[in-house]
Every structure is written in structure tokens, then in C-alpha cells.
Amino acid sequence: MALVLNLLVQIAQMALVLAIAPLFTGYVRKVKAHLLRRQGPPLVQPYRELLRLLRKDVVLANTASWVFRVAPYLIFATTWVAASLIPTFATGLIFSYAADMIAIVALLGSARFMLALAGLDVGTSFGGIGSSREMLIASLAEPAMLMVVFTLSLLAGSTQLSSIAASLQASDVGLRFSLALALIGLTMVAIAENSRIPVDNPATHLELTMVHEAMILEYSGRHLALIEAAASLKLLLYVSVIACVFFPWGIAVSGQGLVAYLGGVGVYVLKLAAAGFLLAVFETATAKMRVFRVPDFLGAALMLGFLAALLLFVTMAG
Amino acid sequence: MSGGGSFFVGAVLIIPAVSAGLLAVLPDNRATARLNALAAFLTFVAATVLFWERPAAGHFLIVDDLNVVFIVLSTFVGFTTSVFSGSYIAHELETGRLTPIYLRFYHAMYQTLMFAMNLALLSNNVGLMWVAIELATLTTVLMVGIYRTPAALEAAWKYFLLGSVGIAFALFGTILVYLAAHAVVGEGLDAMTWSVLVKRSPEFDPALLNLAFLFLLLGYGTKVGLVPLHAWLPDAHAEGPTPISAVLSGLLLNVALFAVLRFKSVMSANPGAFAPGPLMVSLGLLSVVFASFMLYRRHDIKRMFGYSSIEHMGIITFAFGMGGPLANFAALLHMTLHSLTKSGIFFCVGNIAQVKGTQNMRDIRGLTVSHPVLGWGLVLGVAAIAGLPPMGIFMTEFLIVSTTFARSPLLAVTLGLSLLVAFGALLLRLNGLAFGDPHGSREPVRASFVPMFAHFALVIAAGIWLPPALVAWFQHVAGLLR
Amino acid sequence: MDPLALDVAHLFAGGLVLVSFMLLYQDRMTGLVNTFALHALVVSLSVAWQAHIQHAPHLYITAAIALIVKAIIIPLALHRIIVQLGIHRTIETVVGIGQTMLAGIGLVALSIMVMLPITAKAGTLTQQDLAFALAVLLLGLLMMISRRNAVSQVIGFMSIENGLILAATGAKGMPLVVEISVAFSILIALIVIGVFLFRIRESFDTVDIHALHEYRGEQP
Amino acid sequence: MALEGLLWCIGGLLATSMAAVPAARLRAGSPMVYGAALCLSVVALGIAAASLFIGHSLLGALTLPVGLPWLGAHFRLDSLAAFFLVVVNLGATTASIYGIGYGRHEETPGRVLPFFPAFLAAMNLVVLADDAFTFLFAWEFMSLASWALVMAHHRRPGNAAAGYLYLIMASFGTLALLFAFGLLAGPAGGYAFDAIRAAPPGAGAAAAVLVLALIGAGSKAGLVPLHVWLPLAHPAAPSHVSALMSGVMTKVAVYGVVRIVFDLLGVPTWWAGALVALLGGVTAVMGVLHALMEHDLKRLLAYHTVENIGIIFIGLGLALAFGANGMRTAAALALTAALFHVFNHSVFKSLLFFGSGAVLTATGERDMEHLGGLIHRMPLTAFAFLIGSAAISALPPFNGFVSEWLTFQAILLSPGLPQWLLKFLVPAIGALLALSAALAAACFVKAFGVTFLGRPRTDAARNAAETDRWSLATMFILGAICLVAGILPGYFIDALAPVAHVLAGAHLPRQGELDWLTIIPVAQSRSSYNGLLLFLIIALAAGLGVEVIHRWASDELRRSAPWDCGFPDSSPATQYTAGSFSQPIRRVFGSVVFRAREEVRMPPPGDLQAAQMHVRMRDLLWDALYAPVTRLVGFVADQLNKVQFLSIRAYLTLVFSALVVLLMVLAVWH
């Protein structure tokens, strides 16, 4: 019975993230537009774009190989699965034991790997720029991410998101300075991973400044649609991770009944709204930095994570 | 006590002596080369019999565990070298570096040398041993100078003088030993008979023994080629005919070291005398370090392997100096294996030098391409001399270094590192000689590779399995040497 | 035996050391050769004396060899070589004769020091005789390395050998002395022949056909 | 008993190498030799696997009357040896299969065939040896055989030098091990491992032995800073031998460390763990950074061997640290992670080297800058190589990820350690590990992307043809293993349990019968991973995506020139090269680690000659450690060499002074 329920929750989760991801992207855009005193596109604009792309033909470069064509599906599938493993509105997802936090990061890594390869596949210079910068940023982001994970597992004694959420919900943890540090670190990592300002600008097509956009420059039609969907799923994923780990309140525990689940969804949406707003504000407030400033940015994230761990040692010892 | 034994001992000495006389007078060169080999073979056969048939120790001659192995070894190497020298000398005649008259002289001297070394090994009388070694020195001097090129003459001359001084030291040491002995044993032959000396050594005057051993070590050490008494060795190896280089490295050094060993066992039997160990250790280590660095700047292939002989004699002396059953065993085994390996290498090098027409390593390249057998033979030989498995020297160096490290790490580290340095030099040269694009003549070699590969086969076999009898002898002797 | 005999023996031995010093002192070729003849003479005398007091007739042979070969033949031969090679009459030394003498005295002192601990039971040849022999040996070696000139080096070597003969004959009842001395004389003869044959003039390592040291080893 | 069987296989291999000398002349010689090697290694693999799984009934020891006379050659087959034998013989098997096809392209078979089986035999012997002499004998014999294989193509520039450096470093390592064993055996020479176990050394000696073992075996495994020979020697050999050297021989070196440090040395000390783990972390990062700077495909792979060795040593170090503090299960976890990574790395590194060998034979090129677009000409090779790249980049669902995940789990247990140094050090090492993993992914995007993707940069790449069946078969077998070990890791972890139990005194809970084959190293609530499930869901999701899109959306497809921001079709030269791909990373790390300097020569306006950019990098380690040694040896040699040119009188003076000095000593001594 519980099994079936967990399965249902899992399926609901998969559907939810898939459905809500473009909306979140649209929402962030909308808020940014408002902050810039612009009208901005309607919230459903991303859905429209996806549908349009799906309807269009694919224009494939002569030099493209099967890697280029398979990549979008794999990227999409991987990111989707990763996103659906995160307790957004309810714990006790049936698949959540298939991967802990490290594995989720690694899943995203697989997606990135395919994307970078796809960027190199056609054999143009821009794809190369994108791939090489993407891999640089990723290689700097992962250690920082691991330090955050380390801090969390030090607190919660687990790398399993649901357990972390559960143990951080428990009052005995309380408010800790190192948690704040970890939060900042994770946020910086998330910004870098999702190629947001100041690391990258999702809106730009200025050749020398773009990273993510450069990789997908050759994509079109359904392939592009899948990749865009994957991108917004990834953004949603990171936001949900932050929400679930640092603001675990209101997440329904399995078997609490439908009301709890609906409540969980509501709380989750509220969290997303807040996060999206903050993200928009941050992005409008800051300017994009040079690519070679990124190491400093992520180095700072790493330092924060490390500091968090060390402080935690001290406080736990005391 | 068996008459057979003494008969064979006689044979070991008489066959070379007689054939030396014959070869001095016989004109035709092809026959002489054969006769030379035949005589050496008969001597070898007679020597092998000594494994089973041993006469009792007389005043002059003795066959015991220590020397029987070396007699068989030296007669064996003498035999293989005579086979090798057959083809080698034929080539020298063609190229005209040697004239038939000198060839006659060469063969006679060869057998005389064999006689002298066998006598030195067999002699139970320290005076006789001295005379024999001096004879060996003289004959080798004459053979080193046989090409009469300025370089050869100069090498011979240097060898002669340093050798003579060494001989003088050795004689003084011998006299001192007699003095130490005859106060106890009484006058006459007993006081010079080694077997008696060992037995009665505890009663000797230690001060005299110390002084005696010092002179003996320096005297015979000159022959062994220990630094700083080594100067004659590389040039003698480089300038003489290659078979002589083989015999020098393979046998004469051993014989000299053998003499030192005889006296070391006398020393170590005497409680009052100072332990000869530290002296031998320092001389040996000095030789190893010095030789291993000297290897780097060599361009003459034979001189390089001469220096490698110094290095290995240093290792052996070092090991004997360290003492203890393991180190002594290793040192004895190392003596055996080194003489086999080094003479094998010289067989190979001799052919290389003949086919390439030069001893300068700058002009010899890519042998494994142009002359595969010689090239790979050289690779095998260098690997063996460098102590790589499965060749036997690996076992001895393993024992020496590991036992030394447990006792005094500093010595072991010095030894091990200088072994590595030496290996670096040898391998550097080997890279140039055996590999890369071939250079110079590609004409096929007309020589028998049997002696070379026979030696290497023995060395490999020794590295994998040692006959228990040999082990038993060596262990007994190792115990005797303390 | 009576102490007088031993004293005479010691006298000869000491005399040998003295002559060795005289050898070091020489700065003229001819004088050097003559002094060496004297050296050989002293040796043969002492050997003969040993033969007398030890009642060892075979030692007379050694004495005879010493006398004939080293006191007569070789000096004559050396004179011829000197004439033939036209070696200039003065011997150029590596270090001044004065310092050489000092070094020699040091060597004698050293050999005495070395011999001190030897107990009297060591036999008929007592400490001081051994000390003398060792001193002669060391002085000869010193001569070999302190003289640039081939003939004087040969002479140095032969004086070493004399010292050895002294020691050997002094060792009472030592067998094979004759054989050994014979073997040694062969060695000496060969060296002299070598000097003569290779026309070695200046020092052992230059034959006047070529300057041989260029052949020694590879050029750096 | 199993041991006899293995020894017979080794004997067979040696006999094969003997027979290969004449056989090399025959045309059918190469397949015959590789076939024989294949059969023997398959048998050995079977025996080893059986004795690993069945355990006690098959394990055992025996002594042969060879080697040191009074000692004999001791051999022992325990679970540790069995595991490493599986690794060795799996590599041997695949290399032999590959060799059957690859051997056809060999121009001088006479220089490869005799040494190949000998090399296999030597590696087996090392693992089986149970006394110091046999161990070092086999060890050095392994070096010798592999050296001969490195020298197989001695006429190619640089190979002779590589072989020289290799054999010198190998002998240096053997020397260090010799010292270590000398210390363990003592002056009496108790060389048998049983004797050593019976009399463990004191603390000081143990420390010395540890350091010596790290130097000795580490130089063979490629531990920084003793790694310099590895990227030169491994690529110089024929590719299947490179695979063996990189994939297997380095593991034999790891075996040496494990055998000495965990088995012979007894109870470890915590600082040993810190030392080993730190070395591992540094090695991992240095290796991958070197690899990123590399354009030579095989050399890049060799540098990645250095990196993975580092990862393995991190695991070993953690195991030591935990074991020293009595945290048995944690030690078991770390050790299992390390050993599992040993297996994984041997698999995917062999795969990758086989792929590079296929590329080499198809194009004759090792330089990636001259390749590109091979995926169109050699699709199957490309596919296999892609799997290998994903596996070595530690991406799920492949095996590389699982072992690194386990290592991370071990790192996350480090807060339990009492020593503060370890508390602080291990997270840093974890960061290094993460960094190296991420950089590895970057490096293999470069390797695969530049070699196989894009457009061909030379005619060699343009006219390449797919490689032979044998090679492909080998690569796909290995690729399958990568996937299986990635999605069903539980069984492999269980297979390692006995080894962990022997060495760490504990082992992980049985994973095999957990529901859905999830692996749970410590506790359900702590962390778990299920490769199978992930693989299935992703496949499902991807399938769903494909299905939906091709049902509802357009599946029209038009071919055209690349868009490329509207530039007209540019030449392949405008593609990103390996150098330009790694340029950002070089800017970030290289300027510190390699003193990388970029020199751009821009011609003045109006000048038509091309602008040039030149990158100059220095290997600081070489400058700091190796160059001085060579200089010193040269200097001393020059100084001493003067002694060769003295006059005879000078030599006599030497003799004289020696005599006088000794006499003085004597005089004083009395």
C-alpha cells in the first residue's frame, strides 16, 4: 500500500516538476522585466516557445553525428529524473533511495558531459567556446558543491536529501552559522551551474560572453525544445534543493494523506515564488563578470563551504 | 685420501704447463688454436673430477671446499675463452693485427697463465701462491702488450709497474705471516702452509698478523683492482686482446681476491687481530662508488666493462668485509657469477669490436637491428651484470644489500645508490649500442656464440636454481670466513 | 745463538736504511747508480751473514744473486742506458731533496711506530729489524714517486726489493726464499729490459716513440 | 589446488615467450602467440575468480625448491591475491584478444611477441609471491619485460629515452623495496612473509618501511612526484601493452603497497593514513592537470592513470586512518572503494587505450590536433571510447562513478576521526577528489570531442577506416563490464568483502540481496545508490521523450551547413582544438602549476604573415627534483674522470699514500 502511494507521489512529483519548470523560468523573467520597468512576456511564454520549437523542423548541420541527435533526449531525461528525485512537496519518494545528493550532482554532470560533447560535435568555433567554458565552470563548481554536501552530512549525518530535510526539520539542529555559509555557497554554485548572471547571461547571444547559449547554438526544433526544458528543469532543481534542505518546512511526510500533500504543494509553490523573486532581484542588481573572474567567484563558494565544515567541527566539538 | 685425486690435481697443473711448451714450438696456427682449446678442455675435465676425488692437503697443494669451486670455474672459463679465442684470433690474423709468430707466443702465454692461476688456486703454501700470482701477472702483462701499439705498450707498462709494487707488498705480507707463524709452528714449510696457518692462527702474534694483512690486502688488492690501486685495470682490459680481457676480469681478479680470502680466514681465526671487515668494507665501497661514476664518461666499450669489473670486485670485497653467513655466501656466489657474466660480455664485446672495427661506442649503434644475436646478447649481458632478474647477480645483490641495510643502513644506501648510478651509466650506453638506427658495417659475424650463451645460460640458471652441492660448499666456506 | 751475531745482523740492516737515505740524497745519475750498487752489496752481505748464522747454505745463493745481478750487472746496464738515452746528468725531483729526506725520516719513524707493539716472541727477527725492512721498503716507494726520472724509479723499486730480501732472509728458516728471490730478480730484469726496450727516458709513462699519455683512456 | 593451476599457467606463459622467439618469424606467429596467451590468461582468470568467490577451499600456499636455496620460492593464494589476479588476468585476456587483431599492424613482431607473455607471467608472479626474494624477483622481472616492450619501437624519437628513464626509475623503486624488505627481514634474513608477519617491526622501522614502500611501489604506480617516467613510457609501448602497463601493472604496484602496508606492517598509524591520502589527493589533481595540458592521446591517458592512482591512494589512506583508530567498518568502506576503483580503472583504462590504439592504427596519429571527425569513419570505436570516457569521468550509471561515490562516502565518515589534523585534512582531500573528478570530465570532453567529433583536421583523419573485429570485440566486452559494474555494483562489493575482511578486520554489509539491488555502504538513512534503477528510469524517461515527440511533434529533419552565427562555412582549422579547449583551465591552474606563459606574436598592421601564439610550460617537479640529480651525477662523473688521465707516477703516489695512511691508522690503532 505504502509502496503504491510512494509510487503515486513519485509520479506526481515527476509530472509536477515537468509542468512547473517552464512556469518558474517565465516567472523569473517576468519579475526581472518588472524590475526593469518593462511589461515583460506573459508567464506562459516559455510553454509557447517550447510548443513552437516542437512544431518546427530540425535543421541539422551536415557535420553533426549521432551524438548531436541523441544528446538532447539524454540531457532532458537525466535532468528530469534528477529533478524528480528531490523532495519538493513530499518526502518518501519511491526512487529517492536510488540517488543521494552526490549522485544527483553526478547525474547533472552526465547531462553536462553530453551537452559539452554536443557543443563540440558540429565542429564550429562557438560550440567549442561554450563547451570549454562550461567544463571550466563545472570543474570549479563541483568541489564547492561537495563542501556544501560535506557540511550538510556533518549536520544531518546523511547525504540523502529526504533524511537531511527530516533531520533539519527536527528542532535540535537549530539555527547555525555554518548553515548560512553553506546556503550562500550552494546558492553561488546554483547560479554558476544554471549559467545565470553574473556567471553567464541566459539572454545574451553576444558571441564572446555566452557559455550555455554557445553550446546549443546549432540546435533547433525539438532538440532545442528538449534542451530548453532541461535547462529550466535544472534551475528548478537547484531551487528545490535549496528549498528542501534549508527551508524544509511544510514538506509532507509520506502517508499523511491528501491534504498534507496539497499543503506541501502549496508551500512549495510559495517557496519557489520567493526564490524566483530573490533570484530576479539579484540578477538585475549585479552585472555579468568576465569569464576569468568566475574562478574567484566559485573559489569563494568553495571557501565558504570549507569554512562551514570547519566551524561545524568547532561547534560540535564544543 | 685417494691417489686418483692427486693424479687429477697433477693433471690440472701439468696439462697447461706441457701444452704451453708445445704451443710455443708448434708452427701452424689453426692446429694451435685447436690444441689450445683441447688442452683447456682436458684441464677442465680433470678439474671437474676434483669435485669427487680429493687428495689430502699436502705442504704445497690442497683441494678444499673453497678452491674446488674456483678451480672448476676458472678451468671452465679458460676452456670457453679458448674456444672463443679460436675464432677471435683467426680474425685478428686476417686483419693482420697479429702475426703467426706472435700468435704462437700468445697461445703459449695463454696456457702459462692457466697454469699459473690453477697453481695459485691449488697452492696450500702462501709462498707458492705468491710465486704463482706473480707468474700470472707477468704473462698477462706480456699479453696485454701483444698488439705493440703505443697504447697497448703503455697499458702493459702501467700494469707491470703497479703490479710489481703490489707484488712487493704481497711478498712483505707473506714474510710477516711466516714470521708470525714460525714462532708458534716452528721453522720450515709448516709455517707457510695455509691449512696449518688456519688451525694455529689463534696463537699467532696479532700485531704481526695485522701488519701482514694490511700489506697482503694492498698487495693482492692491486691485482683485484680495488680503488685507489686500480689504475692498471681499465687500460689493461681495453688494450689487450679481448680473450685476455675476459680472462683478466673473469679469472685473474678472482684469483687475487681468493688469495685475500685465504688470509682473511687466517685473520678472522685469530681473536687478538683486528677485524679485517671495516678495511675491506671501506676499500670495497670506495671502489664501487668510484667505478660507478667513472662509467659515465667512457667511450671505449672494453674500458667501460673494465670499470664495471672494478665495481663488482668492490661489491664482493664489501660483502666479505660485512661478513656473516649471508653476505659471505652472496659474495662467493657473486664472484662465481661475475666471472661467468663478465667473460661472457667480453666474448660479445670482442665480436662487436671486430665486426664494427672499432671499440669506440660513439661509432657503434643499433646492434639489435644490424646484428640481432650480438645486440640481444649484449642486452642480456648488461642486464645480467646490472643484476636484473632472472639472472643470478640479482640474487647476490639482493642478499648483500638487504642484509647490509638491516645492519647499517647508511652503508647499504650508499652501496645501493651507487649501484643505481652504475646501472644508469650502463643502460645509457646500452641504449646507444643496442638500439636506435644502426650505424657502421652490417656484415655478418663469423664467430661461435656458444661460449657467450653458455655463460649467460649458466648465469640465468643460477638465478633460478642453485645446485645443493654448490650451496653446501659455499655455506661451509662462508662459515669458515666468519 | 750468541747476541753478537744478531748485533751484526742488525748492523747490516741499519746500514741498509742508511744507504736508502743516501739514495734519496743523490742528485747525480752516476752517483745514484753507484749508491745503489752499494745498497745491493750491503744486502748481499747481510744475506750472507744470515746464511752463516742460520747455517742455511741455500741463502748463499740468494746472496750471490744479489751480489752478481744487482750489485754488478744491473748497475753496468744502467750506466749504459744513461749513456745511450743521454739522460741529462742531474735528476729533477718532484719535491726538493730536503723535503724528501724529511719525509723519509717521517717514514722511518712511522715504521718504528708500527713495529712497536710486536712482541719479542715474534721470532728471531725482532722489532727493529722488521722496522728497518719496512723503512727500506717505504723509502724505496718514496723514491719511486719523488723522482721524475725512469732510471731512478727503477732503482727505487730495486731498493724496495732489497728490503724484502732482507726481511725474507732474516726470517729464520723461511722456505722458498731462493725461489722467491729468483722470481723477483726476473721481475727486476724485465723492468730494466723494459726501460731499455721502450727507451723510456723521462718517466715511466713516456716512451720517446710517442707521448703515450695521450693514448691513455679517452680524451675528455 | 588452485595455486598449482595458476603456477602452471605462469609456466605456460613463460614457455610461450620462449617459443615466441622462433615463432615471431612466422606469419602466423603473432596470432599463435596471442592465442596461447589468451587461453592461459582465461584459465588463470577463471581460477582466480573462482578462488575469490568460493574462498577458503581454494586458497592455499606452497613452496617450490627454486630461488634462494635455503628459502625456496614461497607462493600464496589468499583473497587479496585472488582479487588482484582477477584484475591482472582480465587485463591480460582482453589485451591478448586485442593483440590478435592489433598484432597484424606490428612491424617488428620479434620485439613484442617474446616479451608479451613474459610480462603477463611476471605480473601474475608478483601477486602470488609470498617471500621477499620471489616478490622482488618477479617485480624486477616485470620491469625488465615491460621495458623490453617499451623499447619495441626504439627507432621512434623519444622512445629510447623513455625506456631509459623507465628502467632507471623502476630499479630505483626496486631498490627502495629492497631496503624495506631488508628492514622487515632483519640481518638474519627471514625473508618469508610468514616470518615477517610473525615478527612485525618496531614503530621507527615501521615508519621507515612505510616510506620506503611508498617510494618503491609508488614509483611504479606513478605516485607524484615519482610519476615522471609513466607518461613517457606507457605510450611508447604498443597500445595493448600500454593498456597492460597503465591498466594492470600500476595495479600490481598498488598491490605491493597494500601487501606491505596493510598485511606485513601490522597495525597502521594515523599519520601514515594522512600521508598516503594527501599524496593521493595531490597525485590525482596533478595527474589530471597534466592530462588537460596534453595533446598526445596516449600520453593523456597515461596522465589519467596517474590521476586514478591518486584516487586509489586516497581510499587506501583513508582506510589506514580509519583502521588506526579502530573504525573497522569505515576502514572496510574506504578499502573497498579503493579496491573497487582498482578494478574499474583497469577496465576502462584498458578500453581507452585499446581505442587509442585503434585510432593510432587507423590514422597513424597520436596527436589529437591532427584528428577529428573520426566518429563518422569509426563509429563503433567512437561508441566504445565514449563509454570509456564516461566511465573514467565518474559519470553515472557507469562503474567509475560508483567507486568514487564510495570514496566520497568514506570521506564523509571522516568527522568521526579523533585527530584534528585528519578532521581538517580529509575534507580538503575530498575537495581535491571532486576537483579531479570534474577536471577529468572536462579532459575527456576534450579527448573525445577533439578526436572523434567535429570535422577531420588532416587527411589521415579524413581517410581513417574502422578497426578490426578483434579489437572491437575487446572494446565492447570492456564497455559492457563498465556498464554492468556500474548498475550492479552490489555483487562486486560483495566479492571484495573477504579481502576487506582480511585487511581491515571488517567488511561492508552484504549488498547482493538488498531489495532492488540498492547499495547501502553504511546505513539506509545515511546514503544509498542504485545504478540499475537510475539507468532504468532514465532510459524510460528518454524513451518517453522520444515516443511523445515523434508521436505528437514534428520529426522532420533537414540537413544544411552549420549556422555558426552566420559565418560562411569555415575551414576545419577554425574548430576548437585541444589546446584552445583547455586554455581557460590552463589560465586558471596552469599559470601556477606549470608556470604556463603565453607568448602572442602579432604582426604589425599591413604585415601579411600569420599571428602566432606560443605556450611555454615548465614541469616544476622535474626542475626541482630530477634535473639537480642528473646535474650532480654529471658533475661528479666529470670530476672523478680526471683520475683517468694521471701519470703512472701519480698512480704510484696513490698507492703509496694509501699504504702510509693505513700504516698510520694501524699505528694509532695499537
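Note that the chains are named A, B, C and D in the order they appear, and that numbering of residues resets to 1 at the start of each chain.
By definition in this document, a contact is a pair of C-beta atoms (placed from the backbone, for glycine too) under 8 Å apart; a residue touches a chain by one contact, two chains touch by 3 or more.
What you see is a predicted model; the values in this text were computed from it and never measured.
Q: In this assembly, which chains make contact with subunit B and also with subunit D?
A: C
Q: From the centre of subunit A, which chain's CA centre is farthest?
A: C
Q: Does A-D or B-C have more contacting C-beta pairs?
A: A-D
Q: Quick one: report the Å distance separating subunit A from subunit D, using the average Cα coordinate of each chain.
A: 35
Q: Using Cα averages as centroids, what's the distance between subunit B and subunit C in whole Å?
A: Roughly 31 Å, centre to centre.
Q: Taking each chain's centre as its mean C-alpha position, how far apart are subunit A and subunit C in Å?
A: 100
Q: Please work out the Cα centroid separation of subunit A and subunit B, and write it as a whole number of Å.
A: Their C-alpha centroids are separated by 78 Å.
Q: If you look at subunit D, which of its residues touch at least two other chains?
A: As it turns out, subunit D has residues touching two or more other chains at 641, 644, 648, 652, 655, 659, 663, 666, 670.
Q: Identify all positions of subunit B at which a residue touches two or more other chains, and write them in rising order.
A: 157-158, 161, 165, 207, 211, 234, 297
Q: Mind pulling the subunit C residues that touch 2 or more other chains?
A: Only 114, 117, 141, 144, 204-205, 213, 216-218, 220 qualify.
Q: Which word fits the touch map of the chains here: line, ring, star, complete or other?
A: Contact pattern: none of line, ring, star or complete.
Q: On the basis of the stated criterion, which chains touch which? Give every pair.
A: Pairwise, the chains that meet the contact rule are A-D, B-C, B-D, C-D.
Q: For subunit B, which residues count as touching subunit D in their complex?
A: Going by the criterion above, the answer is residues 157-158, 161-162, 165-166, 169, 207, 210-211, 214, 218, 222, 228-229, 231-232, 234, 274, 279, 290, 293-294, 296-297, 324, 326, 366, 368-369, 372, 383, 386, 388-390, 394-395, 398-399, 401-407, 409, 412-413, 416-417, 419-421, 423-425, 427-428, 431, 435-437, 464-466, 468, 471, 475.
Q: Of all residues in subunit D, which touch subunit A in the complex?
A: It comes out as residues 372-373, 375-376, 379, 386, 390, 393-396, 401, 405, 408-409, 411-412, 415, 423-424, 427-428, 430-435, 437-439, 441-442, 444-446, 448-450, 453-455, 518, 524-530, 533-534, 537-539, 541-542, 544-546, 549, 552-565, 567, 570, 572, 574-576, 580-585, 587-588.
Q: Touching subunit B in the complex: which residues of subunit C?
A: 114-115, 117-119, 121-123, 125, 130, 133-134, 137, 141, 144, 157, 160-161, 163-164, 167-168, 171-176, 179-180, 183-184, 186-187, 190-191, 194, 198, 200, 204-205, 207, 209-210, 212-213, 215-218, 220
Q: Over in the complex, which subunit A residues touch subunit D? Could you list them?
A: Residue list for subunit A touching subunit D: 54-67, 73-74, 76-78, 80-81, 95, 97-100, 102-103, 106-107, 109-110, 112-113, 116-117, 119-129, 131-133, 135-136, 138-143, 145-147, 149-150, 153-154, 157-160, 163, 207, 217-218, 221-222, 225-226, 291-292, 295, 302, 306, 309-310, 313, 316.
Q: Touching residues of subunit D toward subunit C in the complex: what are they?
A: 641-642, 644-645, 647-649, 652-653, 655-656, 659-660, 663-664, 666-667, 670
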